[in-house]
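Can you keep this structure in mind? I'll have questions shortly.
Chain IDs A, B, C and D follow the sequence of writing; residue 1 opens each chain.
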Amino acid sequence: MTTDIVLQQLLNGLTLGSTYALIALGYTMVYGIIQLINFAHGDVYMIGAFVGLTMVVVFGINIWAALFVAMIACVLVAMTIERVAYRPLRRSTRLAPLISSIGVSIFLQTLMTSMKGPQPVGFPQVVSNTIYTIGPVKIALVQIIILLVAAALMIALQLIVKRSKIGKAMRATSEDYDTASLMGVNVNRVISFTFAIGAALAAAGGVLIGMYFNSVFPLMGVMAGLKAFCAAVVGGIGSIPGAVIGGLFIGVAEVFGVAMGLGSYKDAIAFALLILVLLIKPTGILGQPIQRKV
Amino acid sequence: MEELLRQYMNLYYIQVLTLICIMMIAALGLHLITGVTGQLSFGHAAFVGIGAYAAALSNIHWGLPFLICVLLGGLAAALAGVLVGFPSMRLTGDYLGIATLGFAEIVRVILMNMDITGGARGLAGIPRETTLVLAFVLAAVAIWTMYRIQDSRFGRALVAIREDDIAAECNGINGLWYKVSAFAIGSFFAGVAGGLYAHFLQYLNPSGFGFAKSFEILTFVVLGGLGSIPGTVLGTTILTLLPEVLRFSAEYRMMMYGLLMVIMMIFRPRGLLGGVDLLPLLKRMLYSLRKKQTPLNGDGNGRSV
Amino acid sequence: MRRSKLLSMMILVLFVAAIFAGCGGGNQTPAPADETVKIGFLGAKTGGHASYGIETLKGMKMAADDVNAAGGILGGKKLVIVEEDHGSKDDQAASVTQKMITQGTVAIVGDPTTGFTKIAGPIAQGAGVVLMSAGAVGEGVVEIGDFIYRDTLLDKVGAPLVAKYLASELGWKKVVLVTSTNNDYSVGLSKLFRDGLAANNIEIIAEQTIQDSDQNFSAQVTSFSNKDFDGIVFTGYYTEGGLLMKEVRKQGLDHVMVGGDGLLAPVLWELGEDAVEGSMVYTGFAADPANASPKTLAFIDAYKAKNGGTLPDMFSAQGYDAVMLLVDAIEAAGSAAPAEFKETLKVTSNWEGVTGTISFGPDREPIKSPVYLLEVKDSEFSVKATIDL
Amino acid sequence: MSTPLLELSGLTIRFGGLTAVDRLDMKIPVSNIRALIGPNGAGKSTVFNAITGIYRPTEGRITFQGQDITGKHPYRISALGIARTFQNIRLYKTLSVLDNVRIGAHGIGRGGLFGAIVRPPGIKAEERRINEASGDALELVGLLRKKDERADSLSYGEQRRLEIARALVSAPQILLLDEPAAGMNPQEKERLMLMIQQIAARGVTIFLVEHDMKFVMDLAQQVTVLDHGRKICTGTPDEVQSNLSVIEAYLGKEEAV
């Protein structure tokens, strides 16, 4: 590989990785607060993509408005899911909400399949196929948009979590659920809010992916969700910068794996990385070490 | 015997019942790993897959007797189980689960890319050897074995690890050894199920052993009642039948399946039979029955405990 | 004590089994068998393979409607399509096949994919029911037994012809070969193309692999973007084909793509838009009004009328033909007994369907002629070349 | 003096920057009832965790019957004859009382997978031995009546006693009790004290951490006082009670008991 190909592939990897990162953020926040691996999250991302598509195609609105509508729609969907399928199970065994989330995932996938058909649906060309050449690297306008939007959303999230009152409540809840509720934090609201933010980011990811890959289909959330989840774990689950780093890391690793002729092992790359990272540092790159009191 | 069954029973039911028995053996393996020992595994289908391919290939290439092939399938899976068991030294809870998920996906991708497995084209030409009678007998043996394991020093050590691994270590239990053992035995069950599955479907494809299948088996175990053998049996039976029973609803079938999973979990968070001890229940029933039959015979019943 | 545990377990299993058997017991006696002929649909309506299954079923239903509108089969019997969904799952495919057989189907129009056909095949063969796969192209299908057929253009016929055409007519010398590694059809077709291209002195300068349901091909395309070649041979399905070409254009390349009938669906340009203009597909079925037979035209029109104007794809056309082939064989045999009409099916010769002319060779493999090489022009397939066998 | 049963020399445990135990030397002879006391956070439980192999000492050595056990796995240490209870009760909650004790008797048996499935006569005899020993241990702590109840359905005091039975059933040389009287009412404490004396009378060495001064002073033969990870003094209860630095340590931190 020559240098310009390497740079070009790096850009490909970063673009892909930033979408993984957007999905990974939802996993990481929800896990951080209620230790639930929300397997339906990938499907929320899929719904976001479909809502965005419908807005653009059927209602003919501007892509940015569509992005916004998709985010709102997914927020509602995710809050409903949380309310119906997870909240009743909050005090039960760890596996109960997990199974419930798998049920929700199956439900959403088949619901979408019966509504939209199993076929991938083309996403209209909403941004022109302009290609800029920066040095040796060619970058498409859509890639620039994805990188910028993803970065903006992640910074916004970081600000919310670090600066706002609800962010403080989120951090308190993730530190210690019971203490937080004793301290007057409305835990239910915080958890709802966490799901909402995660869903909004996933929806944005879905619409951006739709723009970038030009297609949307009901099962698109499955693999993307799993890989984003790997990203969250690799980066250190519960950590927001960790999810971003993990996402980018997996995106880049996958692209270079393909470039080196490991295309048929592509899906294994993320998982191999995952196992490697877990064995070296069981809590991920930026994860807090688990202290067990004896 | 099989012939007899085929005369009196709809072939479709035989087909579905055989599948239930096979899946039950696999689910009992996961029951040992997750239900009894408390080690989360999201990759059980990989062991089923390894067993299926090992059994099928040893039949096709070496022409070994069918039951030997199934045994080899079990052993191959057990070996992989040992491999997966070792990370349990460092990883606990969800993290272990995720690592097993990763392992399983890697296994699937490797199966997809190997020549000997036929890759994406799958492996065909496996003779049909699995019968309902055999699957039923083996499932019964698996249940019996599981009861024996759980009611023993070995089984108690496994449960101790699930309940409190630190206390277990302090009671002289070598956690790593028992966790790896649980993975090996549980995977062996999965492998045997895989061997039967291969000789039942007569065709294998790596995509059949992905994470969706792993979660399906996990659902059998959790929804039935984690840690309960009758729960695992019931969970497997219900969830294998459910897609068949829901066929009337055509394309809404899987939607209802997903919805029912959520509903069942909400109403029975510990699983259908979680926290229900069938044995005393059964005993009480038998007891009251016996009492009715022999009202004057107080012998044996009046003994204080 | 332990024995009673075991016993209770066994009772439980049997109990559930009994309920189950009881519930469905009614189906066991086939409904007045004299008035209907049942053909089963084996395929996915949900899961990863749903898009192929649903299209196949559409074609089959149209065939049944046509047959019934024309007075039915065997002198007035109604043709019924028994449809079941295997959800793209191996184990359910086996159960579904068995279920349809116990419901008295005389033939099953099989899953369009080779893998599922190989699961259903031995069951159908064992039960003595004809299985007609409407799309399986892989090896080892009709070898399962004498009840197993397929009605699709075999790639071992098509691929070498196309390779020859690329070399002699288009003057191609260097190509990139892209395979979808989790798609059995693609893996098999790539193998045929490797041989066919080599035989015609076309060099494969780079091979790339993708997976079905991938959406992102940037890494693959970048890795051959600076190489010198004449075109891309892609052996997968239309979804990935469309998206792959989109990425090719995005990276500023102007090559065209050649592939098998896995690319043959309007989805190709629905997803690929301008990027697939000029892409070539070989097939035994051409939905091109200019070149289509009247029969094909009628099918295209009927399909469009039923589906809001969209064009049929290969799966629906082959599903239609599969049913029609079976119906004609049943009529010829004068009997809906599989053991009898499989004999008349075997001698089908120069049968005209919507996907072209079909004969079954001595090995029961379909021989379809002609092979069309289609080209995408203004988001339509138009015939670029007609290659007779 | 003969070799002590358990000897800590220069035991130091640090967590990051915090030194929980600082160069602790201790010798516990056979058949002694030894108490380790000190204010909250003095590092008492940490000492227990180091002895039983849960924490690896940063420095220093732990020898048991003259054998170096520093850094060994807990299960190996247990096999040598060191049993313990936990400050925050760690029972096998969902299991029956009897099963809890039978798991404690793990070391008595040898049966593995083969034994579990095939059940040769040797294994059956072993199970009988385990059951008998478990019954005896439950009898001793007065829980035999409740052997079929779930461990988490027991009262707090009963749970503490069950932990003792679980530790005792493996026939240890030394029993480490981490705040055994915590949460008990005076009557229960009285019973517990008798029980511990009974156990000691069987030749089991007792090493306990306890907050209740009266309990400690009545029971222990020797008391070691720890403050901020350091040993302040060792002596008989009377000696310790009159030691100035001990009083200081307690009054400085919390109300003297």
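Worth pointing out:
Keep this in mind: contacts are C-beta pairs under 8 Å (C-beta built on N, C-alpha and C of every residue); 3 or more make two chains touch, one makes a residue touch a chain.
Predicted, not measured: the structure shown is a model, and the values here were computed from it.
Chain B has the C-alpha centroid lying closest to the overall centroid of all protein C-alpha atoms shown.
The chain with its CA mean position farthest from that of chain B is D. Centroid to centroid, with C-alpha atoms defining each point, chain B and chain C lie 35 Å apart.
With each centre defined as the average position of its C-alpha atoms, the distance from chain A to chain B rounds to 32 Å. If you average the CA atoms of chain C and of chain D, the two centres end up 71 Å from each other.
In terms of their C-alpha centroids, the spacing between chain A and chain D amounts to 48 Å.
Multi-chain contact residues, meaning those touching two or more other chains, occur in chain C at positions 46-48, 181. Residue positions of chain B touching 2 or more other chains: 112-113, 148, 151, 166, 251, 253-254. Multi-chain contact residues, meaning those touching two or more other chains, occur in chain A at positions 110, 113, 264, 267, 294. Interface residues of chain B facing chain A in the complex, by the touch rule stated above, are 34, 40, 87, 90-91, 93-95, 97-99, 101-103, 105-106, 109-110, 112-113, 166, 211, 215, 218-219, 222-223, 226, 251-255, 257-262, 265-266, 269-270. Every residue of chain A that touches chain C in the complex is listed here, in rising order: 1-2, 4-5, 8-9, 12-13, 15-16, 110, 113, 117-122, 125, 129, 131, 138, 140, 209, 212-215, 217, 219-220, 223, 254-256, 258-259, 263-264, 266-267. Here chain C touches chain B in the complex through residues 1-2, 4-6, 8-10, 12-13, 16-17, 20-21, 23-25, 28, 45-48, 84-85, 87, 89-92, 94-95, 98-99, 101-102, 114-115, 118-119, 122, 126-127, 138-140, 181-184, 186-188, going by the rule given at the top.
Across the interface of their complex, chain A is touched by residues 46-48, 50-51, 54, 181, 208-211, 213-216, 218-220, 222-223, 225-226, 239, 242-243, 246, 249-252, 267, 270-271, 273 of chain C.
Touching chain D in their complex are the following residues of chain B: 145, 148-149, 151-157, 159-160, 163-164, 166-175, 181, 185, 305.
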